[in-house]
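What follows is a group of structures, each given as structure tokens.
Heads up, the next two complexes both have chain A, just with different partners, chain B and then chain C.
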Partner chain A sequence: MNLVAENLSYKPDDQFHLNKVSFNFNKGNIYTILGRTLSGKTTLLKTIAGLLTPDSGSIHFEDKDFLKIPVWKRNIAMVYQQFINYPHLNVFDNVAFPLKQRKVDNQEINDVVLKSLKSVGLEGYENRKIQELSGGQQQRVSLARSLVKNAKILLLDEPLVNLDYKLREQLREEFKNIFSQGLSEESIVVFSTTDPREAMELNGEVIAIDEGKVLQVGSAKEIFENPKTLKVAEISNDPPMNILKATIESNKINFEGIDIKIPHHLYNVKHKNFNLGIRASDIELNDNGFEFEVELAEISGSETLLHLKRGDTKIITSIEEVMNFKIHDKVKINFNIDKVYAFDERGILASSPFGGSYV
Partner chain B sequence: MSKIDLKNISHSYNPNDPNPTYALNPFSMTWENGKRYAILGPSGCGKTTMLNIVSGLVRPSAGNILFDDKDVTNFKTESRNIAQVFQFPVIYNTMTVYENLAFPLKCRDFLKDKIEERVNSVADTLNLKSFLNSPARKLTADQKQLISLGRGLVREDVAAVLMDEPLTVIDPDLKFRLRRKLKEINEEFKTTLVYVTHDQNEAMTFADNIIVMSEGEVVQAGTPKELFERPNTTFVGYFIGSPAMNLFESEVSSNDGVKINDTLVKTNTDLSSLKSKNIKLGIRSEFIKIAENQKENILNVDVEKVEDLGNYKLLTAKMGNLTIKSKISRETEVPSHNVRLYIPAEKCCVYEDNKLI
Partner chain C sequence: MEKLYKFLKYSFITIWTVFVVAPFLWALTTSFKDFNSVNGGATYIPWVDFEPKLEGWKVLIKSPAQGGVDIVEPYFNSLFVTCTASLISIVLGTLSAYALSRFTFKAGFVKNNDITFFFISQRIMPPIVLSIPFFLFLGAVNLLDSLIGLIVVYIVLLMPIAVWIMVDFFNKVPREIDETALIDGCNPYQAFFKVVLPNSIPGLIVAGMFCIIFGWIDFFFAFILTFTEVQLLPVKIVALNSSITPWWSLSASALVSVAPLIVVAFIVERYLSKGNLSGAIK
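Let's look at the complex of A and B:
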């Protein structure tokens, strides 16, 4: 009794928005659709919801042809990027709305709404007007409303993207708790995001998607540790994984005039030319390291992201601290070579520090 | 390019009331010539009021503003020699991109050659060169915002460029390039830049100095590093950094030590003259480590969860009713129940009534 899609395609213009997408979602689980903006995430969720009809392919839910079931009969709840609430109703009535539509009796509405508001941390806000709430609180109202429907499928389309980072931090954690406690074993949660950190934190099954195509499916940990292609490595890391054109010769890796002894796990790389992948967090400042020039130092949360340049090579490193740098400063860095990845010239993972390989 | 002094500035919308309420509580501050400042705070904290006072759009109820020691408090905006960039693009629809950028210079009778040189230089910086002869109205929203930004930067002689959330409509990739451009422009031309934002990351990335505001009050002004390591108030500790600073209810137990749930933690702060009972110990999750052979400043905690966030692990632990978060490396193995956490004394911040000692 799953949600199963086969070869969903949707091509409204000259590009595929969905390109032969297949998946099998089980009840009681969280699925994270991870991809850049315009990768097809929203299209996929809308197709599940019934707001879009695919050109080809099928979706079955509980063995029934979902595409033949109209939107309002699909028993789906959806939370959008924008906080969608009824501005003329107070918090209680916003959450109660779907239940009133179904003519549920008042006592039950009262119980269900209060329980739902409690689970999203809005106990005591029942009589507030929507305009009196912050963005984060408004999004929680939307979530509470989607929870009272007790839908079998809950779709969340980048629900945190329009919040500032402090609220995002708070809600990310709350969402996870709500999903682990508040949902029944009967529900499927599908959460779309561009943020690999959200995918890691939700810790469900990840579907990495780009240009409407599913690139890889696996646990958040597996996708992070063994990304199948360069594209997956890019979208599953923030900042994106550094990718450098490198060569291997006589047991040395060479790029941009830098020679490093080849680590054990890259012994199986057969071709001379390959793509070397290094995470920003696996590069450290070191006085005995290689000299790079600072292009920009960005501070994100508690990290400093250093954008560095040497010749034509540009890399990003992250430092777990807040530090000051000036543009054009010279810094020296070292690479944690035991943590590097090799992708072949087609961009397929050839070797990973965690043992994965797809060649 | 000027030094800007704000002396005992305050602003109230009911200044004649015997008990006026302040949109901006009294404060004084100096903005040095050629530096980058960000005014940061949640909406409604008074940051736009502060910017409008500097630009002359709002006259403060009290206090003086000096540009290079000259009092401009009573000057109108147009006499203050400043450039402004707003959240949404402001362009002349009937003009070309070139004419838009040239406008502030033309109004001031710059020579044609000079205008051309400046417009080309700014257009080059902002990647607008290929659009110079296009009608401005035909550009996309973010290109229009670049024109607004370009008009702000085209004059080299302005006292300061004031920007109110200027990157809101810009897409993320371009945002990165623009932050870099703004920094470069500042370093090259030594233009004083003042930037209002609610986005912590943007402020921390852009500015040498950040003015954090909350409820009409300047709660801290300092470098990103200072705000991170020594937050002046518990609000700043929460607002800056992710996760927020750990804050523990404490009691003073010696001249430099506090007790958290009966566990003694030494700090490097003199606590001998504290009077309040409302004492909190603040420490960043980056600075809490799993203890090795340290004997002092150890918290015995129960592991609640360990989240693998890819680049690091986040340990959430409980000690009685306290929650403690610690960032640890991905390689660190965490025992499943009890852990000893080490709190380095030199990284502790002590707060009395939510203010840093």
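Let's look at the complex of A and C:
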């Protein structure tokens, strides 16, 4: 009775958009597809919707072959990252459109639409034209339209990405509320995003995807704490995790002329050469630390992102306050060595501070 | 600087207005003149310069037996042929443009863009090149000198315009709108008629305007493909020109023939100024 996909592949040109993707989505859950742009997120959602036909593989829903059912009979709902609405209809008619299509009786349409508009905070906007709304409001209209259908599968393709910072925060909160109360136990929500923070906040099952391939499936916490590969570590951190070529010799980690005593959780790493992963947030300014040169300093919100360089090694660190640096400034930093990750030379997690290992 | 700019702007507009309106005024006054007022030197102001006469206009509706030229029948022939051909061209052109915009066609090396180009290429050739095949073709199916034959030829001439404009227009309508309609329970036909078409009205109006203009003003094919049974307005007007040019009735018929286009222009202008053409799709 679930949404089950097996070995979905889609290769319209010489690159895989989907590469043997399999999943099993249960009703009543939220699934987050996490991946960079062009990683196949939209393709996957469109395949579930039926807008794309995969070259091979199968999708079953409630034990029916989904690929044999045309889009318009699948009873799904989808919200795009662009704000897609019907420009010739006003807000009310936009939201009512799927119900009218189903020939629901007028009184009921009226009730359901007004209720849905209320739940997305657009009460009183019924007669507005779509063009008169702001981007955030337009996206709310398409969300309302996707909610009135009571669809069993709700697909959200990066719904927040085109909104400005404040609106995104606000709408993300509302999404969580709507998901927690508005949806029945019968629905599956699939949410795609490039933003790891969004995945963490929605707190559903995360599917990390890259180049059309599923890299890791697990809870948001699991993916964040124990990323299976370097790629996953890169996708699930923003800014991406710093990866440094390092060696282990006589209980010391060595990279770029820096020697650090090996932490406990890396004792089991047997390789001499490995990739050391350090989160930007696990690097701090410290006068007794190692000297790096500032390549670029960007202030984002209330934190400062520092791009640093030492020899051939480049790292990014985030500092929880707004600070001004000049290019070529020397700064001293320290690594929170108890929080580092070790990936072997193939890029597979060898040891994490949370005890995970896939070697 | 601001003032100079304003001055230049208004002087340009004034000169241009005179340039555009003067021929109409000239035609309007001439249509109320008789032989003497036309040939007696330049006169412009009625009742002062010359005595207005209705002869030029009366001739247009009198039958040849009464000494008139009767442009009423060619007028309605032209209206019928232009409207029918434009309507059919818009319907067929819109459907093919939608297909060319949304679906992928492939026949050997021929792809969507090649098909679109094929349509447009029909308009690249000089009309004279097309006239012989058209003549032979209409002769073969016995449609020379008939309204239906003219409609067929005009569809061939007008449909490329409709396809060209509408392909461009549909390409600007986001595909996601169609997809959302499908997801919302429309089958592909309903998606086209309920969602895509209502959002394409500005494009349809522009395409329709071009079809009507190009159909209405065509002289060449109407001249070559008709003889005695059927006559279209442009041919009839040119036929007025005899040994003594009747400037008065020529002017009157010119004004009458321009009238429908002025109506079309006003309708389109209203649409343009409402901003519906630009703001329909964000």
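Rule of thumb we're sticking to: the second predicted complex is superposed on the first by the 359 of 359 C-alpha atoms of A that agree within 3 Å, B and C clash if a C-alpha of one lies under 4 Å from a C-alpha of the other, contacts with A are read in each partner's own complex, and residues count from 1 in each chain.
In the analysis below, contacts are C-beta pairs under 8 Å (C-beta built on N, C-alpha and C of every residue); 3 or more make two chains touch, one makes a residue touch a chain.
It should be emphasised that the depicted structure is a prediction, and the values quoted were computed from it without experimental measurement.
Legend: residue contacts after superposition of the two complexes on their common chain; A:Val71 is shown touching chain C, with no touch to chain B. In the superposition on chain A, A:Arg145 contacts chain C only, with no contact to chain B. Of the two partner chains, chain C is the only one touched by A:Arg102; chain B is not.
Once chain A of one complex is fitted onto chain A of the other, the partner contacts of A:Glu201 are limited to chain B, with no touch recorded for chain C.
Once the two complexes are overlaid on the shared chain, A:Ile84 sits against chain C while remaining clear of chain B. In the superposition on chain A, A:Ser300 makes contact with chain B only, while chain C stays out of contact range. Touch criterion met: A:Ala49 reaches chain C, while chain B stays clear of it.
For the contact definition in use here, the chain B contact set and the chain C contact set of chain A share no residue. Here chain B touches chain A in the complex through residues 176, 179-180, 183-184, 187, 198-201, 204-205, 208, 223-225, 227-229, 238-239, 241-244, 284-286, 307-312, 327, going by the rule given at the top.
Contact residues on chain C toward chain A in their complex (touch as defined above): 174, 176-177, 179-187, 190, 195, 198-199, 279-282.
Those residues of chain A that touch chain B in the shared complex are 164-166, 169, 196-197, 200-201, 203, 221, 224, 237, 279-281, 295-302, 307, 318, 320-324, 326-327. Taken together, the chain A residues at the contact with chain C in this complex read 46, 49-51, 70-74, 76-78, 80, 82, 84-88, 97-98, 101-102, 131, 142, 145, 149.
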